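Each of the next two complexes has chain A plus one more chain, namely chain B in the first and chain C in the second.
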Partner chain A sequence: MQPLLEVQGLEVSFAKRPVLRGVSFTVAPGETLGIVGESGSGKSVTALSIMGLLSWPGRVTGGRVLWHGEDVLGLPADARRRLRGSAMAMIFQEPMTCLNPVYTVQQQISEVLMLHRGMNKKEAAEAAAEYLQQVGIADPKARLRNYPHELSGGMRQRVMIAMALAGEPELLIADEPTTALDVTVQAQILDLLKRLQAETGMAMILITHDLGLVAENADRGIVMYAGEVVEDGKVDELFTAPAHPYTQGLLQSLPRWGEQQDMLYSIPGTVPRNLANITGCAFAERCPLATEKCSEPQVMHSISVTQTARCWRAQGQGGEAEWQRQGK
Partner chain B sequence: MAKTGQVAIEVKDLEKVFPVRGGLFSGPKGEVRAVDKVSFQLKVGETLALVGESGCGKTTVARMLAGLEKPTGGSVILNGQQLDFDAKATPRLLQETAQMVFQDPYATLNPRMTVGKSVEEPLIVRRYAGDRRQRVKELFAAVSLDQEMIDRYPHQFSGGQRQRIGIARALASEPKILLCDEPTSALDVSVQGQVLNLLKELQQKHGISYLFISHNLSVVWHISQQVAVMYLGKIVEMGSREAVFLKTAHPYTKALLAASPKVAPGQKQERIVLSGEVPSPLNPPSGCRFHTRCPYARDICREREPQLQDLDGGHQVACHLIDEI
Partner chain C sequence: MPTFLQRLFQHRLATIGAIVLLLLVFAALFAPWLAPNDPEDVHPEAGLRGPSREFPLGQDPSGRCILSRMLYGARASLSVGFLAGVLSLGVGIVMGSLAGYFGGWVDLLIMRIAEIFMTIPQFLLVIAAVAIVGPSFTSVLVIIGLSSWTGYARVLRGEILSIKQKPFVEAARAYGSSNLRILVRHVLPNCLSPLIVMVTLNVANVILLESSLSFLGFGIQEPQASWGSILSQGRAYFQTAPHVATFPGIAIMLAVLAFNLLGDGLRDALDPKLVEGE
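What follows is the complex of A and B.
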């Protein structure tokens, strides 16, 4: 089956500083892909590049983003704008960065419907109420007249999701959608996203720093570090048999309730700030297993049919990953 | 030095009411009971965690104990003596006993002051007699920061390092109690462990007590011995961490535990998803404050407010339906 989205060797620089250094992954139709990584690892930049929302001084300097097999990076601006909102939509951590404070909820949802679905004003108003109902907002007719500041955090998040859904996207990119919310509201929003996904069959990219959210909500996950994908696999594989030392370290450093741990593991050192001069493994300086071999460039190695890791130690079973052989 | 097991600080029926003003002449419009009759004991060398969602009053409790906010009712007992909230010396007395560690250390460090100067300030305030710079170096060593770094500015540090500077500054006053308000929420997972380990080490070495505020239940489990769960200004469940986490009695605690994401794929448990959001504290629900979101609520929950009752060995719960669910 052809993937819905295929990112191949995506490279992004801010001014002359590299931020993404060859990011590759795929998203199948209807699938949920989790992207985890610490701050500065390039999760959000990846999402913005796919959406075509990268702004100056950020610039795509290499690689391809294939949507249904067609490269969208070279498309003219108005063609990308048509894709955005109807084919792919994005929701953000802080809904106020996405909602316009001087327009009512109705005006903002209607805009999507009129622009992408060709509805007239009256049809759009009715459909907007339906979308609010769908995202679990009580009394949608009254809420349509509200301005964003009149709504609570969880409600704003729902309005933003309603706006994203209004374009009937095939792919929804959710960038830390629940980080600003309380845990009980977070659970509501994630349940809502899951239900909507089951109803519409859309695929989802869930970007988060919370490993638990990926474990509970995604089918597959990729782990990013210093602008690269270091591990890619099914959620069960990533969390029960992580192959990259960074993934292993992250999992070890989590406190888990119910278990007795005296001291927590923590990865020594910090994330590298300048990625320009990295030639070998970016994690080597913090890796407890690092050897001389780590200063050479690392490629993704297959651990199983579905799991790959960017570490020569993982080489044992599968050799270089399938897509890399094809790419050569 | 006080011995482990003794009470470091005790609060009884602590209350904080904020007046709400509004309208044309900013007249009084109502009041918010941010903290409503909260009682607990914090023992020497122990950690008590306050858990709850935003607006439940956990930070207000900490700010009152830090002397930053004046309680409007109840009592605070320090060294066997009840504090007089109106006395001028009380905030100072509290500040000598308890110091706060904040969530975002970058926001609480002066960007134009070297971090060494920031850590030195409390020493100046309390007229430290010895060599202040030497003491700052000792404090840096205590939080495992390189002493060479004391003349640098906050922006030159990573998040985890800044949080250690925040802890060093709090320790400068040699407090008996640290009030930690979400100290690791702004940190990445890989450095969160460093800060939690440091807090544990300091506690073992110096016998400091922690009031630890967090919404991350895994972190709470890791660091604390006692846990109190708050909802809309009230404690709804309190006890040892084993009692609260493993013999959970209150429906709200159950929902919180169920909603916090766990890294254990495959064993996805049935979760109680609460409907709605936390009601406005301006107009809290009648009876049990949780009844609007509680899946088990009955008539009695709407009418009568449940009191904290002892289950066993200090495990307290405020719920009418405790025998049924």
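What follows is the complex of A and C.
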């Protein structure tokens, strides 16, 4: 089956400083892909590049973004704009400030409906109420007349989701959708996203730094570090048999129920600031297993049909990754 | 939550300003019905005569009714004020939007032009331009309008620079809004409150400017009445017939003061910090 979205060797720089150094992954129709990584690993930049929302001085310097097999990076700006909202939609981290303060909920949802679905004002107003219903907002008719500042954070995120749904996208990119919300509201929003996915069949990219969210909500996950994908696999594989020392470190630093732990494990050191001079493994300086071999360039090695990791230690387990052999 | 108007009218001075303005506008609109005499009817034998039953505010050097001339003069002053205010607001919004939203060399060019405008004292600029084009109602209006857009452009540019960083603008982009749509529907409506305040203060300034021009003879031309020109005619006789200069002076002062009071009240009522706090 042709993937819905295929990112191939995506490179992005901010004013000559590399931020993404060859990111590759695929998203199949209807699938949920989790992207995990620390702040600064390039998760959000990846999402913005796919959407075509990178702003100056950020620039795509290499690679391809294939949507249904067609490279969208070369599309004229206007064609790219029409994809946004209708083919792929995005929700953001800050529900408090993502809604325009001067318009009512109805006006904001209607705008998407009128822009992408060719509805007139009256049709859009009726449809807006249905979308609010769909995202689980009680008394949608009354809420439509509210301004954003009259709603709670969770409500606003629901409205954002309703706006994203209104364009009937095939892919929803959720960039840390629950980071700014209470834990209880977090769970509700993720349940909502799951339910909507089941109802509409859209694919989702869930960007988060919370491994737990990926474990519970995603089918597959990729782990990003310093502008690269270091591991890619099904969620079960990542959590039961992580192959990259970074993934292992992340899992080890999660608190576990029922285990007496005096001190939570943390990975020593910090993310490298300048990615321009990295030639070998970017994680080597923080890696407890690092050897001389780590200063050589690392490629993705297959561990199973679905799992790959960017570490020479994984090599014996399966050989070079499928897509890299094809690329050569 | 009190509405915008409720907040505005809690401000006592702003309420007074608004009432005075309404009265002035009323006087200007209904001048033909309110004026006791024809404003251009001369009575050379009764020049500089003080207030009487027939001429409530007295007569000017040519014996014309000062009250009637002031009522008609209110039309000139207020309409120049409003129209030039709207014109400069329009030019300022276009220039400020281009500079703030698109940035780069457009921004550089527009802001340098604005700075050149601002280095020349506005009054001097206006006098020079009127001297070239020739004084008339229209030329005064257009010249004042075109010379006072810089303040709007600068304030709007700053507002846009901050608003366009807001997440809701990126969200609008993410659901496929075009640049023009983002600017007109999402950015500008969030930048308007400081501009509304500026308009009221600017109109006061324009009224003052028009009066000054007319006082110097560069503004509205005789026999059409203007507060500035009545004041100017009274200047020579100030010691013997003070009423000629006093009444138009009071009118100018009241109008300017009223606009300023209203502007202050609007500033408080539109303060985003107060609104968000509710």
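Basically, the second predicted complex is superposed on the first by the 326 of 328 C-alpha atoms of A that agree within 3 Å, B and C clash if a C-alpha of one lies under 4 Å from a C-alpha of the other, contacts with A are read in each partner's own complex, and residues count from 1 in each chain.
Convention: a contact is a pair of C-beta atoms (placed from the backbone, for glycine too) under 8 Å apart; a residue touches a chain by one contact, two chains touch by 3 or more.
Bear in mind the structure is a predicted one, so any value in this text is a computation, not a measurement.
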Between chain B and chain C, positioned on chain A by superposition, is the outcome a clash or a fit?
fit
With the two complexes superposed on chain A, say which partner A:L10 touches: chain B (first), chain C (second), both, or neither.
neither
Answer with first, second, both or neither: which of chain B and chain C does A:G258 touch in the superposed model?
first
So, does A:V102 touch the first partner chain B, the second partner chain C, both, or neither?
second
Touch count on chain A, higher of chain B and chain C
B
Based on the superposed arrangement, let me know which partner A:A164 touches: chain B (first), chain C (second), both, or neither?
second
Once the two structures are overlaid on A, work out the angle chain B-chain A-chain C from the Cα centres, in steps of 10 degrees.
80
Across all Cα pairs of chain B and chain C, what is the smallest distance in the superposition, given in whole Å?
8
Find the residues of chain A that appear in the contact set with chain B and again in the contact set with chain C.
none
Which of the residues in chain B come into contact with chain A in the complex?
53-54, 158, 160, 188-194, 196-197, 200, 215, 217-222, 245-246, 255-256, 258-266, 268, 271, 273-275, 277-278, 293
Chain A partner, complex, touching residues on chain C are 166-168, 170-178, 185-186, 189-190, 276, 278
Taking the complex as given, what residues does chain A use to touch chain C?
51, 53, 78, 81-86, 89-90, 92, 94, 97-102, 111-112, 115-116, 149, 160, 163-164, 167
Hey, which residues of chain A end up touching chain B in the complex?
38-39, 152-155, 182-188, 191, 209-213, 215-216, 235-236, 239-240, 249-251, 253-258, 261-267, 270-271
